[in-house]
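Data block below; observations after.
Chains here go by letter, A, B and C, matching the order in which they are written, and residues are numbered from 1 within each.
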Amino acid sequence: MYDFLKNLDRRWIFLLMFLSVSIPIIIIGITGQSFPEKPTALSITTFEIIENLKEGDKVLLSFDFDPASEGELGPMATAFTYHCAAKKLKMYFMALWPVGPQMVDNAIENVIKKDFPHLVYGEDYVNLGFKSGGEGVIKVIVTDFMELYSTDARGTPFKSIPMNKEISSVQDMDLVINISAGSAGTKEWVQYAVTPYPDEITLIAGCTGVQAPLLYPYIPEQLPGLLGAIKGAAEYEKLVFDRYYRDEGLEVPGRYQEGVRRMGPQLVAHLLMILLIIAGNYIFFAEKKRGIP
Amino acid sequence: MDRQKLIWTVVCVVGALGLIINAVTRDAGSVYVKNVDHEFALVEDEKWVDVSSDDALDYDLEGKERINWSSEEQANYRDYQEANKAKPSQSKYSFSLSRTFGVWIAAMFTLFIMSFLFKDNPFYKFAESVVVGVSAAYWMVVGFWDVIIPNLFGKLSPSFINSWAMPGLEGEADLLYLVPLVLGIMLLWRLAPSGTWISRWPLAFIIGTTAGIRLIGFIHADFLSQIRNSIIPLAVFENGSFMFWDSFLNLILIIGVLTAIVYFFFSIEHKGLVGKTARVGIWFLMITFGAAFGYTVMGRIALLAIRLEFLFDDWLWIIDPAMNRIAGT
Amino acid sequence: MKRTVPLLITAFGGFVLIISYFIPATQGWGETVAIWFDVLASIAFILGGANLLKIHLKKVSDWQSGWGFSAVTISAFIITLYVGLTKMGVNPSTNYPDYVWSGSYREMGAPFWWLYEYAFKPLTATMFAMLAFYVASAAFRAFRAKNTEAILLLGTAFIILLGRTFAGVFLTSWLPESLSGLRIENLTVTIMQVFNTAGNRAIMIGIALGIASTSLKVLLGVDRSYLGGGED
């Protein structure tokens, strides 16, 4: 056993990881069954912050991520967009990452155009697009949008868009939702938007697993709601689609269950990780017993 | 031919045959689109109206100048099948060769990158070279159309940009934007064989601005606010009754913050009471790092899951969780 | 002169932003400096791309080892750049149908979108997906319970790994309500809200002081390493 583990080619570990993710994906994809989700307090708080907004309230959604993090953040983006559209909130999309606008386009195509075709661009939602500079952008738009956004992403003059007439800066938003994969992201929104204007700006966020532990010190004073990693996405999906589909007696479409589905391979892969750590420590203790340094 | 090469050849041949059979018999990996026609008529001076919109009813469109084009929207196999069933000669939904080719290219790229897990090989190197080139150019294009055109040239000469790229752009020329233009040209001097000292000016500006922004941001949000956030009640009362568990956890939190800060204070030798306090701080930090590891693992696995979902769903059509195809395929 | 002016520029940029934070009347200056920074950031994208081209062109022209792959990089770069900058295949905006350049460069169906959807996205996403394999291999090879600290780290990792999936709920659901705090999913929440918060708060405070110190050194000209060595 010791010799087998000690000399194990790491490609066998790669294969085990591949199988531990792909087999649950196939089983869940074919059967349609996934593990039950029980939302935790932080996800419930995030849900309730949006749920307590009124029709017509203004929400800024900043999609600060790219395809490399879409596995974790894509479901959050979809669920946030759905929730805001279902609540009839006015959605202002923007991005601090160059590929963020593609993520915005995906959310608009897959959620708004499919399930809310009655929403009108310019009256119910607008895509302001990407501007470079990270925290420099936040620093400017927190006092004046038009200094950077003279037009929206389609080239329409900012103030000629009906829903933009009511806003001049981020402080006019009733809520800021940030979906973040790194820098510039949630940390920068907290540092340059929320902290200088704590009474004017409320921020909730969805972030990657790598970032989530680093943002906990901001909770709840600077960041009242946070969805951390794919688990946060799955919990939030459960809350949103229970409220707007299951509670109405409707079946949730498969495309709104991505986060919940991905918890299946997560479970198996996590168990594999634990087994691998135990196996590695077996080698360590076996060597210690044999007196091998 | 040695044994390993033989095994790989057999695997590749069987795999390729399987893919071809899957594609030919089940249309696996194919992509369908909805064709949308757009037509606009010039109804007044510089006013164009969408011929299919309600606004067009207010005008007589006979003899008016027209512009038209067609675009494609992503559709799914189920929509295509249903449209064909209703009317076999329909052209609203059609097979898209370019997007189907794209799905197969994307799948090949995915497998090329994953092949590195077995061994470094020319397929991986090819894929890596493509991603480097495409992503660098992608960022340049985004920077050009989203920032340089509207926020630099659009501010220096709004009428020129308005005349061809952004008809909605308004405003007067702001010559203050000559400063970032000049600094930008100086920045590009970095590529020149000599005179790279010229690029120090814009670099100095970037560094100074970053330092200025971050100094305030970090002190306010990460220092002062964190100290304030740490001032929490050691005795928590709710409706008049003492909450032991909440109070205990608050105490643990404060002890954790203080002992971990003591650990980071290296100006005093970690001996005696300071050493013991720092040791407790290290324990809190180890728990922090363990939590970070757990979350990091969670994050990485989700990224792998989405790629495998692409291969099994969009390419091989083994699963269909979003019901994009008729049940049973 | 070659080093003095940059130092003055650094100080100018930084102090204008700091002053504008405290004196509302100067807020406009701070906004202006931040906007210049944002514009320069996008010019830096161009610098990055051009630098990449320069390096790979040199590799090809010198016939260095691996020049073939550099040629692939250059081809991919030029194709993407041409297709994106010329808005090839992009239809006009529906707001301005008579302006052929008014459409969005990201329009779905256009060649630039195709390159994003079928080259950029799968390649970058798969590159990051590979980390799942490496994290598994690293866990097997490196995580050893050598001492108390390592045991604390590994124990916490186990609790988080189990607690953030259904496995944790399943394993400890038998615990009675009075001990519900010990259920793994609740332990996970406690670890994150108390221990993780404490540790990361201390780290955050330390980093903030470090950033403040480094920023001041840069702005006051004490730290000049960013200017590089020598005259050129």
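FYI, contacts are C-beta pairs under 8 Å (C-beta built on N, C-alpha and C of every residue); 3 or more make two chains touch, one makes a residue touch a chain.
Keep in mind that this is a model prediction, so the values were computed, not measured.
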item: Of A-C and B-C, whichever chain pair has more C-beta contact pairs; value: B-C
item: By mean Cα position, the chain sitting nearest the middle; value: B
item: Reference chain A; chain at largest CA-centroid distance; value: C
item: Length of the line joining the C-alpha centres of chain B and chain C, rounded to whole Å; value: 11
item: Chain centre separation (chain A, chain C; CA means) in Å; value: 16
item: Residues of chain A engaged with two or more neighbouring chains; value: 14, 17, 21, 68-71, 98-99, 101, 109, 131-132, 136, 139, 148, 153, 155-156, 196, 213-214, 217, 229, 231, 266, 269-270, 273
item: Junction residues of chain B, two or more chains touched; value: 74, 117, 138-139, 142-143, 146-147, 151, 165-168, 209, 213-214, 218, 222, 226, 229, 288, 291-292, 295-298, 300-301, 303-304, 306-307
item: Set of chain C residues in contact with two or more other chains; value: 17, 21, 34-35, 37-39, 41-42, 45, 95-96, 102, 108, 116, 120-122, 124-125, 127-129, 132-133, 135, 139, 154, 157, 161, 164, 192-193, 196-197, 200-201, 204
item: In the complex, chain B residues that touch chain A; value: 74, 117-118, 138-139, 142-143, 146-147, 150-151, 154-155, 165-171, 209, 213-214, 217-218, 220-222, 225-226, 228-229, 288, 291-292, 295-309, 312-313, 318-323
item: Residues on chain C engaged by chain A in the complex (per definition of touch); value: 17, 21, 27, 30-31, 34-35, 37-39, 41-42, 45, 93, 95-96, 102, 104, 106, 108, 116, 120-122, 124-125, 127-129, 132-133, 135-137, 139-146, 154, 157-158, 161-162, 164-167, 169, 185, 189, 192-193, 196-197, 200-201, 204
item: Contact footprint of chain B on chain A as seen in their complex; value: 11, 14, 17, 21-22, 25-26, 28-30, 32, 68-72, 74, 98-99, 101, 109, 129-132, 135-136, 139, 148, 150-151, 153, 155-157, 160, 188, 190-192, 194-196, 208-210, 212-214, 217-218, 221-222, 228-231, 253-255, 257, 261-262, 265-266, 269-270, 273
item: Chain C partner contacts - residues on chain A that touch it in the complex; value: 8, 10, 13-14, 16-18, 21, 35-36, 38, 40-42, 66-71, 98-99, 101-102, 105, 109, 131-134, 136-137, 139-140, 143-144, 147-148, 153-156, 196, 213-214, 216-217, 219, 229, 231, 263, 266-267, 269-274, 276-277, 279-281, 284
